[in-house]
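Look at the two complexes coming up: subunit A is in both, with subunit B in one and subunit C in the other.
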Partner chain A sequence: MASLGYYLLLAAFVVCAYAVAASVAGARRRSRPLTDSGIGAFYLVAAIMTAASSVIVYAFVSGDYSIKYVARYSDSVQPLFYKITSYWGGLDGSIMFWVFLLSVFGSTAVFVNRERHRELIPYVVAVISVVQMFFLFLMIIHNNPFETYLTENPADGEGLNPLLQNFYMVIHPPTMYTGFVGLTIPFAFGMAALITGYLDDSWLRAVRRWTMISWLFLSVGLGLGMIWAYEELGWGGYWGWDPVENAGLLPWFTATAFLHSVMVQERRGMLRVWNVTLVILTFFLTIFGTFMTRSGIVQSVHAFGEDPELARLFTIFMVTILTVSFGFVIYRLPLLRARNELDSWMSREAAFLANNWILLFSAFFILFATMFPTLSEAVTGERLTVGPPFFNRWMLPVGLTLLLLTGIGPLLAWRKSTLVNLRDQFLIPVGAALAVGGALVALGVRVWTSGICFALCGFVLGTVGQEFWRGARVRQQATGTDVFTALVGLVARNKRRYGGYIVHVGIVLMFFGFAGEGFKQDEQVLLRPGQQAQVGDFVVRLDAIRETDDGQKQMITAHTTVFRDGAEIARMFPAKWYFRKHEDQPTTEVAIRRSFAEDIYLVMPAFDLAEQSASMEIVVNPLVNWVWVGFGFLALGTLIALLPETVFAFAQARIPANAVTTSMLLLSLVLWPAALMAQGGQMVAPTDRSELQRRLESDILCTCGCQSPMGSCPMRPNCGHYDQQAARLKAFLAEGKGYDEVREAFTVEFGSQAVLAAPIDRGFNRLAWLFPYLAALTALAVVVVTARRWSSRPVAVAAGDAGLDPALSARLDDELRNLD
Partner chain B sequence: MSHKAVKVGLTGLVLATAFGVLLYSTLGESAQYYKYVDEVMVQPDAWYGKPLQVHGYARDIRRKRDSLEWSFELHREGHVMRATYTGITPDTFLNDSEVVLQGTLTPEGFQATGMTAKCPSKYEPQIGSAAGTAVSGTK
Partner chain C sequence: MPSDAFQPWQLFTLAGLIGATVVVFVSEGQTPAGVILLSLTIFAAALVGFAAWRTLAPIAAGEEAAGPQVLGGRTRAALEREKTLALRAIKDLEFDHAMGKTSEKDFAEMTARLRVRAAGLLRQLDAGTGYREQIEQEVAKRVGDRPAAAARRSRAEAGVCASCQTQNDADARFCKHCGTALGGAS
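What follows is the complex of A and B.
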């Protein structure tokens, strides 16, 4: 069995090599039979990889533990479903799965485009085959999934890591891989266009759809990963800026940028070098992401030493990709000249350009911060790390700017917007933003980042709503139907545009959910049966801790009841599971009560059966479900954009929109259980604190050295320093001091503002607040002014500049040339 | 060098500087040293009060009754450091498990404000290597 699998891999490698040779030779000699045989070989690789996949799946299902990979990632008690999915549970198998997906995807793409882009196809086949050869080579010499034990075979396997025995974790990796793998197709077409010199826009048409499909898979994959982290890892959040997460996000940013800038090339014939660059970068980042997470380079450079072979092979491959592809870009520069110039900075193409720069900046910033520990060690010898706060601090303004541009872009006209149409277009969206902002101020929402985010959400929704409304009105007048039919017809007529707007709605909903993070409440308490704890409006009572066993695992479950305003709203059962053979790695089973307003999220990380106590983490996560709903809209919008013309006749009926509303309503009903029961029991900490005290606790630092505000001091409830600070605060409050007076009093007592979490917003301190924003604005102004001046004056192309990264400076040059 | 090249260079320089200054100022506040226990304990007083992440193996784990206060030893290659942590610990926090602590070193020991456990995950190339991601952690 194992040798069959191994020989299949070898055969795939040889056939791949033939596919490269035959298709390139066929294209150069203009020999149709030779090219066709290359394409045939390419299809054959997909068949061989399917066979090899069947072999390994069969080995898993039949429990062939003579194969090391099978023994490591499955065991006999595992359910069939997880046995099959163990295929991609480890490194070697996931590389094989990668090649399998790539061969299937590639064959489909080649089959679909074989007549329409006949001149490109041989090179598409060659490029994809080379990528496949790299991964096959990796498997054959280094990570062979069919490797067997030399001597004795184990009687049973070790089993898949329990954390991965989760539905989302089963579908998350293949979704991500499909997204990653799919991004090879645009790269292959881009390279084929560069090699052949057929650089009109036809290659773009071929890859637009493939990029969109891959982008959809990547987005859904990221969303599933977030849900998995939220439900399985039990720290109450869904995104921790972990290198593995970041690896998936990097190509997502560049692919998003490409999907936008491709429109500029289609409409205006600009940004041609830029688009090729984005396609290459996106592919490069998929490989780099794999390299980053698999070779161990990021976790610790010491781990790098543990698989230097893999890291070396990847490095060679990545350097080759960059050299060859950018070499071709430079070689073909004369054919990539822009056909138009940027007419005005008040145009849609300029908005797209800004959006592209920000997306690219996000990708590079995340790359930099993820690699920072490795970089700092390489440069200074000291290993320095940056955590989630650093990422959030940078990505928060970047994300809000992107959200703003999402609203602005569609309002600007191509080429140039006049003042009159600016006023017409911006009136409603700006009004919506102001209304939301005003309402929030009136309601007393004081988390300003979330407030800005909500207002921007209002702005973008205003934009999208206006676009739909105006389009529907025009169509209604033209066709004489009712508004609703006109709306469906409108979407059907221009699926990409209106599908795109629905994706924007999804993005808005996600940001709406992200903004809820600003109102998150989190407490850690130790409870005994009968005791209860309060977090926000909710009271959680522990009723009992029970132990059960289902044969595969032992389960310790906390039985809890949750009350709101004295009424019982839910029973929740956070648990800890001890899987057989993985007793030292218990999994924490989170209990979540979902609703659109907020989630109550209960974790029981530790317990003591003898003394019947449980440590509980109680988290109230407002609005978090909107993130998932946003992903749903994103997928819906992308699917609409992807629908073939013929299919859309089906959607002319009104069902889809109604079905969405109905299912939403049903969902919300299901998620809002409302049983009423009386509440009783003895209260334990956290104790009552007034609103003012809470607010001050988040503004005044604890002195224990944790550098956190008192309210979030991680040493609580056993921090002596916190107690002292709290006593001071209470004394000041008892004297009748208000918010500002208390802050003053603390400043006087400690002799400086160092005790405050943020400097008092006054006088010189304002500079500290303003400086970063001023610096950013100045830089922006300088860029706009200089770029404007150049865009009106055609000047000869310049060479690169010293002191800049050559690749970056080449891109900068290309970009600026496009503006000329 | 042509006129445009100078302009492009200057813009690049301005952008890079603005970006660099912003990055430097935020990095200064957010960056933490990442050290192994044995590296720190060679000369512990040099590290007092600095933002630090220490990487080592836990042992002698104790929890104060009726609380979330943990006290344990972190060791690696013969060097040992006492550490305390209050809060919820990752599932894989057990004797001999590999952990990374965030916090500050004081003469009494390491006061951890955060704990991340290294645990074997699917991304790990070989058994026992550290390439696995820290899937579980307190945030």
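What follows is the complex of A and C.
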């Protein structure tokens, strides 16, 4: 089986090479048979990769441990489901899975577009094939998933990493990969347009849908990753700014920027160079993300380990991509000139520019901060860490600005907004923002970042609501129906726009959830059975600690009862699981009780079976579920935007029903019926931690190699480093040291700044703190200069209807009337 | 070209089915999941076969497809879709205008551009059967001598060979089938 798989990979490589040669030759010679044959070869690669995939999955299912990859990532006791998904559990398999997805996705895209964009297709085939060839090449010479043991085959495998044996972890990587892979399609079309010189807007039309699909997958993938981190890692948060997470976020930002700026090109014929650049950048960042996580160049919890040779190969590939694609952009610059100029800074175009500026800034800031430790090690030789505190400090204002722009953009008119126009449009949203802000002040909310965020949420919702309302009114007048029908018709008619607004609502809900973070409560306490502790309104009582075993793993479960205002609301079971063969990596099974107002989140980082005591971490996470609901809205909005024209007729009837079911599905988070029960037991005060200590706990890293702040090490209790670090911290604080002094003391103790979650602002590291300003200013300057250049270069506009003969014009009017 | 003849994909599906059946009988002692996956592998192999045929067939068939391109059903559908898109864009624009989101000048310019595009697509669809007529019309319009075009058309009618009824090109002097001199050729 192993050699069959390997031959299939070899065959795929050869066929890819043929596909490139045949389609390019066919396009150059205008020979239909050659092009057709190239396209056929392209489908053939997908077929071969399907066969190879089913071979490796068969090896996993039948337990063929003579294959190294199978032996490393599965064992015989694993459930069938996880055996199948072990396919993408490791480096080699994930590359293969990547090629498989790319070939299938690419074939679909080519198949769908083969008639409409006949002149582009051969080059699309060639570009995608070249990308496939690179990954196939990697597998053939370096990461062969079908490699076998030369002698002695192991009797059983080592088993998949326990952290990955989680439902979300199973669907998260394929979703992410699909998103990543999908972004190759726009790149291929963009390159094809550049190569052929057919740079009108037709390639954009082909690409938009695919970008949206990939974007949807990417967003959902990111959301699933967040849910996984929240439920499986057990530090009470969902986003840790880990390099691998960031790798997924980078192309998401540029793809979002592209989806917005493409509208400007469609409407006004501007930003043509920029759009091509964004497509190329997005693709580059997907490859770069893969490179970052697979070559071990950055340290991360879920990087695949160090591999300098892979890093070298990737570097060559990336440099080639950049050189070739930007070479073509420069070569075609004359064809990419803008058709229109920027008239006013108070226009939709300018808002889009600002939006692109922020999104690109986010992408580059994250890229820079993620790569900074590597950079610093190369320049100064000092290892350090750029962790969550650094990212949070910067992304907070950036996120809020983005949210503000989400609200402003749709209110501005294209080309130029007049003053009257502005007052008319901004009245309601600003009113909404002020109302929310005022209510918050009246209610006594004093966390100002969250307060601003809530007010901005109100602003954006006001904008979206106003758009829907006014649109419905206009349509009502045009069609003469009632408002509700008009609203449904409105969404069905302008799916892309109103789908987009629903996505905006999703973003608002996410921010609403993020803002809840400001009210998070987090306590640690050591409990014995019968004892209880209070956090916020909740009282948690430990009833017992039990040990069970299901053959694959040993489970230590704490049985707890949670009360709120004296009433029992839930029984919760946080646990630690010790998987066979991975006893050193216990997984923390979090117990979560969800509600829309807040989650109560229990973790048991350590326990003592003999003494029946458990140290508990009790976290109250307000509003966190709105983040997931936001992702639901985002998906819903994108799906509405993606509905093809042909389902238009059904869509009118279906949309409301769809919306209801989907949101109900997402919102079906059960509230447990509250049963009154007497809460007895001895009260235990949570471990007393001062404000300073809490702050330092998130600023100083755990030393077990998990790369997370000590307060959130996923390896507790077996890491043991937490206790050491905590003891050290306590000692320093007892000496009466302040924030900076403690940080200093830790740096001295460990001999480098690597122990700090963010580098100290000194020497070379000053660059890290300065860079964001520099980047933002440079980008702003570039935006202003380009915009001004447009303004000073009016281009003759083609005369309108003059060229149309009246008969045709009349027919057009007729068809337009019939369209609605 | 739909035909009732045995299609290649049918052959490969059949081969896949037979292969899968054989696998089910041959593989004793396998788990059900294993058997299913083996069958899937066989189907993938059939798919590989089909795609290989798809790759090689055009080459083997040679260059015969280079004649005038006729709008096939699929191309026509694609054009229709494009046209609907353009019309929708115009509608969107009118809607925007009604919502007060576009200036007068802008609205006029963009509508004009989209209308030209939609009209182009309409014309293309009208041309329908082939590009040849469309090109001829275009040439006629640009050159501006309609009589010449008319003459060409009448000559095209005359392109039918008197002796063997073969339809010849409009500018042919002799019949391509039997060699008889065609009437009207100067």
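One rule holds for everything that comes next: the second predicted complex is superposed on the first by the 662 of 820 C-alpha atoms of A that agree within 3 Å, B and C clash if a C-alpha of one lies under 4 Å from a C-alpha of the other, contacts with A are read in each partner's own complex, and residues count from 1 in each chain.
Here is the rule we use: a residue touches a chain if its C-beta (ideal position, glycine included) is under 8 Å from a C-beta of that chain, and two chains touch if they have at least 3 such contacts.
All figures in this text were calculated on a predicted structure; none of them were measured in a lab.
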Mind working out whether A:R594 is in touch with subunit B, subunit C, both or neither, as first, second, both or neither?
neither
Name the contact category of A:K68: first (subunit B only), second (subunit C only), both, or neither.
neither
In the superposed model, which partner reaches more residues of subunit A, subunit B or subunit C?
B
Classify the contacts of A:P373 with the two partner chains as first (subunit B alone), second (subunit C alone), both, or neither.
first
Quick check for you: in the superposed arrangement, does A:D36 touch first (subunit B), second (subunit C), both or neither?
second
Output check: A:V603 vs subunit B and subunit C. Expected answer is one of first, second, both, neither. What do you get?
first
Go through the superposed model and pick first if A:V386 touches only subunit B, second if only subunit C, both, or neither.
first
First (subunit B), second (subunit C), both or neither: which does A:H172 touch?
neither
Would you please give the residues of subunit A that touch subunit B in one complex and also touch subunit C in the other complex?
797-799, 801, 803-804, 809, 812, 816
Where on subunit A is subunit C touching in the complex?
15, 18, 31-34, 36-37, 40-41, 43-44, 46-48, 50-51, 53-55, 57-58, 61-62, 80, 115-116, 205, 266-268, 348, 413-416, 421, 424, 470-471, 474-475, 478, 493-494, 497, 645, 797-801, 803-804, 808-809, 811-812, 815-816, 819-820
Touch list for subunit B against partner subunit A, complex
1-5, 7-16, 18-19, 21-22, 25-27, 30-35, 49, 51, 53, 55, 63, 65-69, 86-92, 94, 102-104, 106, 111, 113-114, 119-127, 129-139
Note: in the complex, subunit C contacts subunit A through residues 30-31, 33-34, 37-38, 40-41, 44-45, 47-48, 50-59, 61-63, 65-66, 72, 74-75, 77-78, 81-82, 84-85, 87-92, 95-96, 98-103, 105-106, 108-113, 115-116, 118-119, 122-123
Quick check on the complex: what are the subunit A residues that touch subunit B?
72, 89-91, 94, 143, 161, 163-164, 173, 233-237, 240, 242-244, 293-296, 299-300, 302-303, 306-307, 310, 372-373, 376, 382-390, 393-394, 524, 526, 576, 584-588, 603, 605-606, 611, 613, 615, 617, 704-708, 714-716, 718-719, 772, 775-776, 778-779, 782-783, 786-787, 790, 795-799, 801-804, 809, 812-813, 816
